[in-house]
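The two complexes that follow have subunit A in common; it is paired with subunit B in the first and with subunit C in the second.
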Partner chain A sequence: MSHHLPALIFLLPFLAAICMPMVGLKNPGWCWPMAIAVVFAMSVASIANVVVVMDSGEIRYAFSGWAPPIGIEWVDDGLASIIMVTLSLLALISLINAGPTSPSTLGQRIVPYYTLILLLVSGMTGIIFAGDLFNIFVFLEVSALSGYALVGVAGGKALMSAFRYLILGTFGASLYLLGVGYFYAATGTLNMADLGQRIPELMTSKAVVGGLIFMFIGLGIKMALIPLHGWLPDAYTHAPEAISPFLASLVTKVALLAWIRIMFWVVGANAEIEHVPVLFLLEELGALTAVVGAFLALTQHEVKRMFAYGGISHIGLILIGVGIGNPTGFAGGVFYLINDAVMQAALFFLAGAAMYQYGVRSIEDLGRLRGQAPWMTGALIIMAMSMVGLPPTGGFFGKWYIVLGALEAQHYLAVAAVIISTILTLAFFIKLFERIFRDSQPSSGIISVEAPFSIKVSVGTASAAIILLGLFSDPIMGFLLESALPPGL
Partner chain B sequence: MIQPHDSVLVQTLGRLLIPLIQLFGLYVLFFGQYGPGGGFVGGVLLGTSVILAILIFGPRSSHSALATKIIRGDGLGLIIFAGVGGLCLIGGGEFLNYADLEIPGLKTASRRYVGILLTQIGVAIDVAVTAISIVISLSFNDNDEDSHV
Partner chain C sequence: MFEHLDAWLHRPNFIVFVILFSWGLYIMVVHHNLVKKLIGMYLVQTSVIFYLVTLGVKSGATVPVLLSTTAPIRVEAYANPLPHVVTLTAIVVGVATLGVSLALVAAMYRKYGTLDEDEILKRLE
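Then we have the complex of A and B:
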């Protein structure tokens, strides 16, 4: 039975999304608890899945019983299983947070709203498990289409951001599909394991190189690398408070994971284009994104926008990690990906809670928190420690292994980029804390609303998780180094 | 808002064509395992016949009553599809491995036949409903809650 787990993990949110309109027809109030129950079941299944993968190695699931190169295959290895646990648990706490913070203007549309959230989760599950390039495209579109609709669900300014996200996201998906077409034309197969044997010897072919570049630009738009990041800050800032955590913590990371799969499992870590190693290019792009993203974050005035640019900068750090091309760097990058997903979720929970309770939008408003919200400020301090990289938080260990990997490989430029982005991150958090602790704006006379229990639960869980990730970094890194490494690294 | 078409010629031809399209749609759906066709094409044909009825007789007439009711069964096709897949899963095989569809008294070949047919019907229902719902949402939801946001 245990080898059906990857299929079950995907089917749970997908089937629930299909059934949701029928359940919600009579009782729209049931949608939220039902979504939570389903994602909870999914989290239990993914934890069981990681245990099974640890015990008996990777699971390859052939749908309909057709053997892989012909049929559709799902690959559930160490990397996929541990990212799956991250995704399902984060989706669970984001859903708990989503109940009270969802836009109040939804009315009857609350039913399609939760349907879309579940479709978003199942689409991302599909990207994580997909064993062939075309299914990555399908699920990229499933999650992206739900994402566009969810960004624009509140109407007003968000519609404009959602439209921009839609145009750029569709452009990215089309480029990706074009690249997949080139690969298919060159090899006649879409299965990753099969491609992995054929592509490395075809790296001199212009079709393959062109396809690889198209796929990278397509996924680069989805993961918001620096020159391609235009859609992200607006979409995250104007999306409903309940939706930003989903998008910020998961969507870009899953696109990055899809690229990691293609880069290491299909093209191979040693691939070169005209004697330039592809990984080296990735690392440099990551360094650029990390530094420029953090710098742009420093110049922002809105809290959510600042966190969004911080997230872009961290995508760069993850790329540096995986681009170094040695096991320490790769595992450090993946570990940082997990940490960053938790940190981004927590930061947007906090931004949402501050907005909900004290109406905080811009950094100037943060003075309202002083003396009012000790727990919220405490959680923000923990997040700042992790974003900057102070022990014992998870962010420290992620950066530590990335820098360690870079030093092992003697890539001093990457080390410099990590350090500069860290200093810039520290600077923008100092800007935030200066407002909270030193600002002279009177904090009295502001009407505050008591936060519902579910917001407190999600903020608290995320803050605890980031410390736990730091404390248990050793076993997680051990697991990543042992069973999540790509072949040939 | 779509108005009924008042030409006798169009209405009479529509009465003739709609059942023919539906019949052909069903043929394509059930023939799909042996030749070109299947759930997707069959579903599009079935949907087209209902869209034609809306265009000719208007959305309020009794000829289009099916269209406005069918829209509520949006996920029905997917539930059939996933249900068949789930039954295979319960039978011990992979998701959608029809050989493990536990139907007593059937050999493996017949099981595959029934399995494919059922999933194709599910696909057809969903494609048809989607096609109809696109037409309906573009044409006659003028004053729903979205318009005054």
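Then we have the complex of A and C:
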């Protein structure tokens, strides 16, 4: 029974998404509780899944009993299972937050809205478990299509952002598919385990190198690496308050996970193109993204846009971690990925709450928070500590292991990039806090609506999770080092 | 020089793919009309699908269904179904993307009464 868990985790949100229109036809009010219940069940299943993987090792799930490489295979190893727990728990909190912050103009369209959210979650589940390159493409598109629609759901400015996201995202997906085609032409298989045995000896082939480059550019657009990030800030800023946390915390991280899968499980950590290690290139790209993203965040005037650029910079930090190519760096990078997912969700919950309660959009508006909502300011302080990297938050330990890995491998450029991006992150949070604590603008006379309980719960849970990740960093790192490392590292 | 040209001409399908892909990309980048951008996007998708289809071509081969269980199996008589299945799924994904994008464009047209990107951006400000 327990070996069916990966399929069960996927089918829960997927079947619920199909049933949603039937339930919602008569009772649109049931959609929100139903989505929460389903994702809660999914979280329970994924926690059970981690326990099973810890006890009995990885699960390789062959659909309808067709053994790979002929059949379609899902790989449920340490990495996939722990990311799956992160995804389902964050989706749960984001859904709790989504109820009151969803656009009020939706009306009857609330039914397809929750259907799309569940499809987004199931698509990301598919990417996490996929053991086959083409499967990743399909689920990437399932989640991306729901994402485009959800960004544009509120209308107005969001439509143009959604359109740009769609054009760039589809172009990225086409490039990825082209890369998959190249790999298929060179090896005749799409199964990752099978490819992993054939690709390393083919690294001199132009078809494989070309395919690798196309795939990485395609996924690079999906996860918003610095030269390819154009769609992200607009999409996150104009998306409904309820949707930004899903996009910011999960969509880009899952694309990054697909990249990690291909890099370490298919191409191999030691792959070289013309004597240049591929991992080294990725690490440098990550360093560029980390520094430039944090710098761009510093120049923004809108709160959500600033957080969006901060998220781009953290994608770079994760890439530095996994790109170092030693166990400490890899585990640190994956741990930072989990942390970053939580931090991004928390920041966008808070932006949504500030928007809901005080109508805060730009940084100038943040002065309205002063002396008004201590819970909000307190939560922002915890998030800022983690984004900058101060103990005892999770962000500190993530950065610590990344820097430790870089020092072990003597990659001093990576260390410098981490430090510079940390300083820039500190600078943009100082900009925020200056508005809250030091502004001379009067904070009275602002009409405020008390935020509903569910928003407070989501902000509180996410802030608590940041601290808990820091306190329990040792067991999580131990698990990652023991059972999430790729072969040959 | 001419040897390379000869090698290229042996794979006309790749040349067609490159032309279609670059043409689609050009349309996507250059045109300001949103529907024309979508046409370019669809051309890019179609070119990749075209490339995948040409990978699966095998002359003299038929559908991979065994007609008799007793006759010896000749591998060269059957086409590999995998590229075809991949292509089919990619077409479905492409159609779904086009549907979503046309819905977005229709919503923008209803709101702004134009399909020109510059015009819409001007009104957004």
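Just so we're on the same page, the second predicted complex is superposed on the first by the 489 of 489 C-alpha atoms of A that agree within 3 Å, B and C clash if a C-alpha of one lies under 4 Å from a C-alpha of the other, contacts with A are read in each partner's own complex, and residues count from 1 in each chain.
As a convention for this text, a residue touches a chain if its C-beta (ideal position, glycine included) is under 8 Å from a C-beta of that chain, and two chains touch if they have at least 3 such contacts.
A quick note: this is a predicted structure, and the numbers were derived from the prediction, not measured.
Asker: Could you tell me whether subunit B and subunit C fit or clash when both sit on subunit A in the superposition?
Answerer: Fit - subunit B and subunit C, as placed by superposing on subunit A, sit side by side.
Asker: By the touch definition at the top of the document, which applies to A:F163: first (subunit B), second (subunit C), both, or neither?
Answerer: second
Asker: Touch test for A:G155: subunit B only (first), subunit C only (second), both, or neither?
Answerer: both
Asker: Who does A:A98 touch here: subunit B (first), subunit C (second), both, or neither?
Answerer: The answer is neither, since A:A98 touches no partner chain.
Asker: Which partner does A:E141 contact after superposing on A: first (subunit B), second (subunit C), both, neither?
Answerer: second
Asker: Of the two partner chains, subunit B (first) and subunit C (second), which one does A:L190 touch, if any: first, second, both, or neither?
Answerer: Touch status of A:L190: second partner only.
Asker: Roughly how many degrees, to the nearest 10, is the angle at subunit A when you join its Cα centre to the Cα centres of subunit B and subunit C?
Answerer: Spelled out: centre of subunit A as vertex, angle of 40 degrees.
Asker: With the two complexes superposed on chain A, say which partner A:A331 touches: subunit B (first), subunit C (second), both, or neither.
Answerer: So A:A331 meets neither subunit B nor subunit C here.
Asker: In the superposed model, does subunit B or subunit C contact more residues of subunit A?
Answerer: C
Asker: Does subunit B (first) or subunit C (second) touch A:C19, or do both, or does neither?
Answerer: So A:C19 only meets subunit B here.
Asker: Just to be sure I read the superposition right, which of the two partners does A:G181 touch: subunit B = first, subunit C = second, or both, or neither?
Answerer: So A:G181 only meets subunit C here.
Asker: Pick out the closest CA atoms of subunit B and subunit C after fitting on chain A and give their distance in Å.
Answerer: 6
Asker: Could you list which residues of subunit A make contact with subunit B in one structure and with subunit C in the other?
Answerer: In the superposed arrangement, which is not itself an observed complex, subunit A uses residues 155 for both subunit B and subunit C.
Asker: Applying the document's contact rule, which stretches of subunit B touch subunit A when the two form their complex?
Answerer: 72, 74-75, 78-79, 82, 85-86, 89, 93-99, 145, 149
Asker: Using the touch definition from the top, list the residues of subunit A that touch subunit C in their complex.
Answerer: Touch list, subunit A to subunit C: 134, 137-138, 141, 145, 148-149, 152, 155-157, 159-160, 162-163, 166-167, 170-171, 173-174, 177-178, 180-181, 184-185, 188, 190.
Asker: Write out the stretch or stretches of subunit C touching subunit A in their complex.
Answerer: That would be residues 25, 28, 34, 37-38, 41, 44-45, 48, 51-52, 55, 80, 82-83, 86, 89-90, 93, 96-97, 100-101, 103-105, 107-108, 111, 120-121, 124 of subunit C.
Asker: Please output the residues of subunit A touching subunit B within their complex, sorted ascending.
Answerer: The touching residues are 4, 7-8, 11, 14-15, 18-19, 21-22, 25, 61-65, 105, 107-109, 155.
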